[in-house]
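Naming follows writing order (A, B, C and D), and every chain is counted from residue 1.
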Amino acid sequence: MIMFQNDYVEGAHPAVLQKLIDTNMEQSVGYGEDPYCEEARARIRKVVGREDVDIHFLVGGTQTNLTVIDAALRPYQGALCAQTGHINVHETGAVEACGHKVLALPGKDGKITAAQVKEAHDSHWADGAHEHMVQPKLVYISHPTELGTLYTKQELTDLRKVCDECGLYLFLDGARLAYGLAAEGTDVTLSDIAALTDAFYIGGTKVGALFGECVVISHSALKEDFRYLIKQKGGMLAKGRLLGLQFLAMFENDLYMEMGRHADRLAMKLKKELQEKGYRFYMDSITNQQFVIVEDTKLQELEKEFLFNHETRYDADHTVIRICTSWATKEEHIEKLLAAF
Amino acid sequence: MIMFQNDYVEGAHPAVLQKLIDTNMEQSVGYGEDPYCEEARARIRKVVGREDVDIHFLVGGTQTNLTVIDAALRPYQGALCAQTGHINVHETGAVEACGHKVLALPGKDGKITAAQVKEAHDSHWADGAHEHMVQPKLVYISHPTELGTLYTKQELTDLRKVCDECGLYLFLDGARLAYGLAAEGTDVTLSDIAALTDAFYIGGTKVGALFGECVVISHSALKEDFRYLIKQKGGMLAKGRLLGLQFLAMFENDLYMEMGRHADRLAMKLKKELQEKGYRFYMDSITNQQFVIVEDTKLQELEKEFLFNHETRYDADHTVIRICTSWATKEEHIEKLLAAF
Amino acid sequence: MIMFQNDYVEGAHPAVLQKLIDTNMEQSVGYGEDPYCEEARARIRKVVGREDVDIHFLVGGTQTNLTVIDAALRPYQGALCAQTGHINVHETGAVEACGHKVLALPGKDGKITAAQVKEAHDSHWADGAHEHMVQPKLVYISHPTELGTLYTKQELTDLRKVCDECGLYLFLDGARLAYGLAAEGTDVTLSDIAALTDAFYIGGTKVGALFGECVVISHSALKEDFRYLIKQKGGMLAKGRLLGLQFLAMFENDLYMEMGRHADRLAMKLKKELQEKGYRFYMDSITNQQFVIVEDTKLQELEKEFLFNHETRYDADHTVIRICTSWATKEEHIEKLLAAF
Amino acid sequence: MIMFQNDYVEGAHPAVLQKLIDTNMEQSVGYGEDPYCEEARARIRKVVGREDVDIHFLVGGTQTNLTVIDAALRPYQGALCAQTGHINVHETGAVEACGHKVLALPGKDGKITAAQVKEAHDSHWADGAHEHMVQPKLVYISHPTELGTLYTKQELTDLRKVCDECGLYLFLDGARLAYGLAAEGTDVTLSDIAALTDAFYIGGTKVGALFGECVVISHSALKEDFRYLIKQKGGMLAKGRLLGLQFLAMFENDLYMEMGRHADRLAMKLKKELQEKGYRFYMDSITNQQFVIVEDTKLQELEKEFLFNHETRYDADHTVIRICTSWATKEEHIEKLLAAF
């Protein structure tokens, strides 16, 4: 079977793995305080264009989301996000397990707007009974979203502005950041994100790492004692250098962006040719996730050879499937898939 | 000002207060293990028609909801309820603070249906990624709802059936239970509720008590060690007899129902006469909460003399107000209000 | 049976109850925002000698402790307290249920010292692995302690000083505060406590109220959004005026102190005469809790007529019992008890 | 610098790394449901001698401890453990962050006894106020302990017996299990542990893996829905096969035990020769952790070339240091260290 159901069915990019091989027999101090982590931090500060950020490496996305959000919120505060947001749907209530309500807003194409955030904030404070309600304090967005879409620079700037006005934190989940940054058509750069958010993370697991997410924190309130929280939530890797090493491999040259471009190019090739074949798309994505509407009979046939994620039923006879490319996707597999369609 | 904004702007029914006065200088053991609590439990077991239930007295509604729900759920499980449900909107995330997600369903008139519950359950378990989602385990309903509406016996029976099929707990929030049971037109009795739910509570605070809610638990899994949880959540009143005494006063004769009938009769009088005057209602309620659509200019005038709760904007010129009657509402105040309308 | 096992086997002081009776048929807004609560707040600000404090009324002690402590701590921070501290022993892990570790120190006579606090703080920060340990952030003391003992003004001043040096909050649990303030031999006044702590509470339940604790907060960080937390933890009484009224009754004249003096005087009478009879005391208390070492055979006999709390075994043949007096204790009952001894 | 401060300053055993290299370019389903994890589970079931156990792979020790303990306890229940237990000291309150109190018992050499557990259980239930106290429900032990010591088979059997009598779960933290199982002088086997506990884990991180702990659950109540909890707590690795592969490498032959034997042999060599030189030991350990009492001046000198963990001050002039060997320790480094001593 050729797997397209997600972007973590693979191992690591060979250059990432090589780094682990090369250093395997060395000794180093634990918990992310080793020289490789330090070097990776320095490198990433350069790449994101801010020297004043704190950088931490965690193992996975759910862990990263819950740790950042728990760092940001007092017990009665909640996180605004799109109804489709990962923290609202696919993390088994990890944020709630830390005591915080996820305040879901009806998203459009996986995104929320500055106007929605403003309205949520204003209506909270205008309500005479606001002390009886969860206070919005953080805005969670994902970029790319769970539906493959991207925020524009203007949209991010507007969110930043409204967060400043309302005293809210802006946190960006970049589990698939490479695929967003490398998309043809985006006007958002890594330094834009570092400039416009209070915290965000650069995803490794869904890109070329074995595992690992790199949290970049610019707001001082979120920086304080963050390592205590990482440890408490079980996210502090003993052999922390493994995280630093992988991010070094991905950022000491252009590898991270290159992996993003590879996946996006194949995704767009797929999209273009399927559109030419007359296939409709559930979402207009320019990143590595493509949501195609497929007749069920056709789907059954395809699934003899390929695996997809079933996103939702489209109608009585059609399913929306998600096709993910990644840094590891082979061009010949895309061609094979196109041929099968 | 005459207050109609809610049903807890009052003190206690004189008969309830008298009970406290009569016993004030007695000594008794604490924490609800005194003879008055025992007597009240025995009485309520009779009234609800089940000898096999555990009965606990707590101080307030939020406390009661969070304690019962925390008793019912394992950490990754959540509570299904209507989007308008009190636990979803007006308890400052108390359920989430215990670690559990509230799984809000789009209600109709404040209610949810057995079909909705079934669908939520089935779609969870049908989803290949269900371990990544919060598992529905308890159904929370309020009766009367936050919008004054009532479930029918058939609706409750259907909910019970679906909960049995799906392995879900059914918990009924009876903060205003008297006003529901006493409504003309309901076919639901207290013993129906005891027979059809796994746990429910009989509200005292919003009826004739100074404070106090009486939890009735029939499901054995919820009974176990419940007092530990009451204590941990801060709900165990040291002078617990105060709760037993008040419920005794309300249940040693027909007082609880009588208070409900009084409030409902005045609410229906108000409704009927306002309808005759041409006023429209936002919700067709037969209980003590009435939701009237009022022109803003009219409202301003009324609010010189009366206080209401503003439920929501209706349109550019109209507001939906909530008018609550209670056991303590004076008929002359209703007449004065009608005159002012 | 005559009950000496604790100080909440009683009802309310008649003057407190009278206040509830007098106002019972009035209407007022809920949740502690009524004029009686406002008046009580103003009065208590005067009595404690600080106008800059926030004052909140909660129902019970466990609830108060958990709410204040949860307001003070970030998730990885803990509360230092004596091993015998109420939060460590008798609140079913309420602080832990909010996510925080209680960091118990070996107390002496129920108390901890500034030196112990300093040592706990310093050794935390000196430990290279401190991020792997719970960070001490709040000092919890009770006054009187669970063993009836009192801090001196010097001890409190030293604790304040060390908390300032170490960036710790100082929180004083005054569940039995009247009995501490009124003790002959104490040099600590209510205004000392208000001046030296970041937050404390004036206990009502164990003194003359039906229920109720009055939290006094001076540290601005603890003030922020405190009412959200009260609501979330289930401690916001709907008919909040009941709390304001009771504290008004206790503080609009000297009643609170008078109740304390009454209980302490009877406790000291008991102590003195038992000492004269040769009884030994487990703890040298000058407040309303007396810990007497009694032979088991004697105890059995006494317990035909009187109830005590069994504190601990003293040796094979002796038990340490706790005898509590209160505002309500009758002199004749003390004499009867003395006679029986 | 040669590092002896802990057993996770290394990379992975070459055979473990090779497994990752060999499979790197394969595709597999995520979250531990791939064939390698299945194969590793089958293998480990064989090695532990029970087919009826559930096996899960998690990333790190703190995560594993908090997930198992949270699975076991209802909100008001706590975990008994030695005062020196990892969950009590070095996990930043991770168990408390899940809402549960750690009930620390005074250990001896890092261990607790069946008699202590019985006493804690009995005294809880004998206390009239037990509902006001945290209910002990799980016994946490580590093997080897944090002080390098081991339980005997008899001690484990006694703990099992008392847990059965008292209705407690027995959970064994095997972060360093290899070093315990391989010790000369232990009579405890892996199948003993599987037979005597309700859950335990086989540590990978501190042995030869890059990371990874293997949880083995035999009690059915702990098995239910365990994967939901792993996900919620952030412990579910997307590329889960990495865990399966590493455990396969360690268990498809005798590698796990071999690594244990290597470390233990070098530790015992160190111990024997240091004893011969007249050095005293703080703890009589037969595993890979050795606690040596060293004069401070000597220590300063040693630390020019070697790194140790400072365990505690011994007296004014001496420090207790921890020296860890591991699967990766080179014999020549031990000799160099011995020469330096």
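In this text, a contact is a pair of C-beta atoms (placed from the backbone, for glycine too) under 8 Å apart; a residue touches a chain by one contact, two chains touch by 3 or more.
Note that the coordinates shown come from a computational prediction; the quantities given were computed from them, not determined experimentally.
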A-B or A-D - the one linked by more C-beta pairs in contact: A-D
Which chain's centre, taken as the mean of its Cα atoms, is farthest from the centre of chain D? B
Please work out the Cα centroid separation of chain A and chain D, and write it as a whole number of Å. 33
Cα centroid separation between chain B and chain D, in whole Å? 49
Using mean CA coordinates as chain centres, what's the chain A-chain B distance in Å? 42
Can you list every residue of chain D that touches 2 or more other chains, as numbers and ranges? 75-76, 91-93, 97-99, 131-132, 228-229, 231-232
Can you check the complex and tell me which residues of chain B touch chain C? 1-3, 5-6, 8-12, 14, 17, 20-21, 23-30, 59-64, 66-67, 91-94, 97-98, 205-206, 210-211, 228-229, 231-239, 242, 328
For the complex, give me every residue of chain C touching chain D. 75-76, 78, 89-93, 96-102, 128-129, 131-134, 310
Tell me, which parts of chain A touch chain C in their complex? 31, 70, 74-76, 98-99, 131-132, 135, 225, 227-229, 231-232
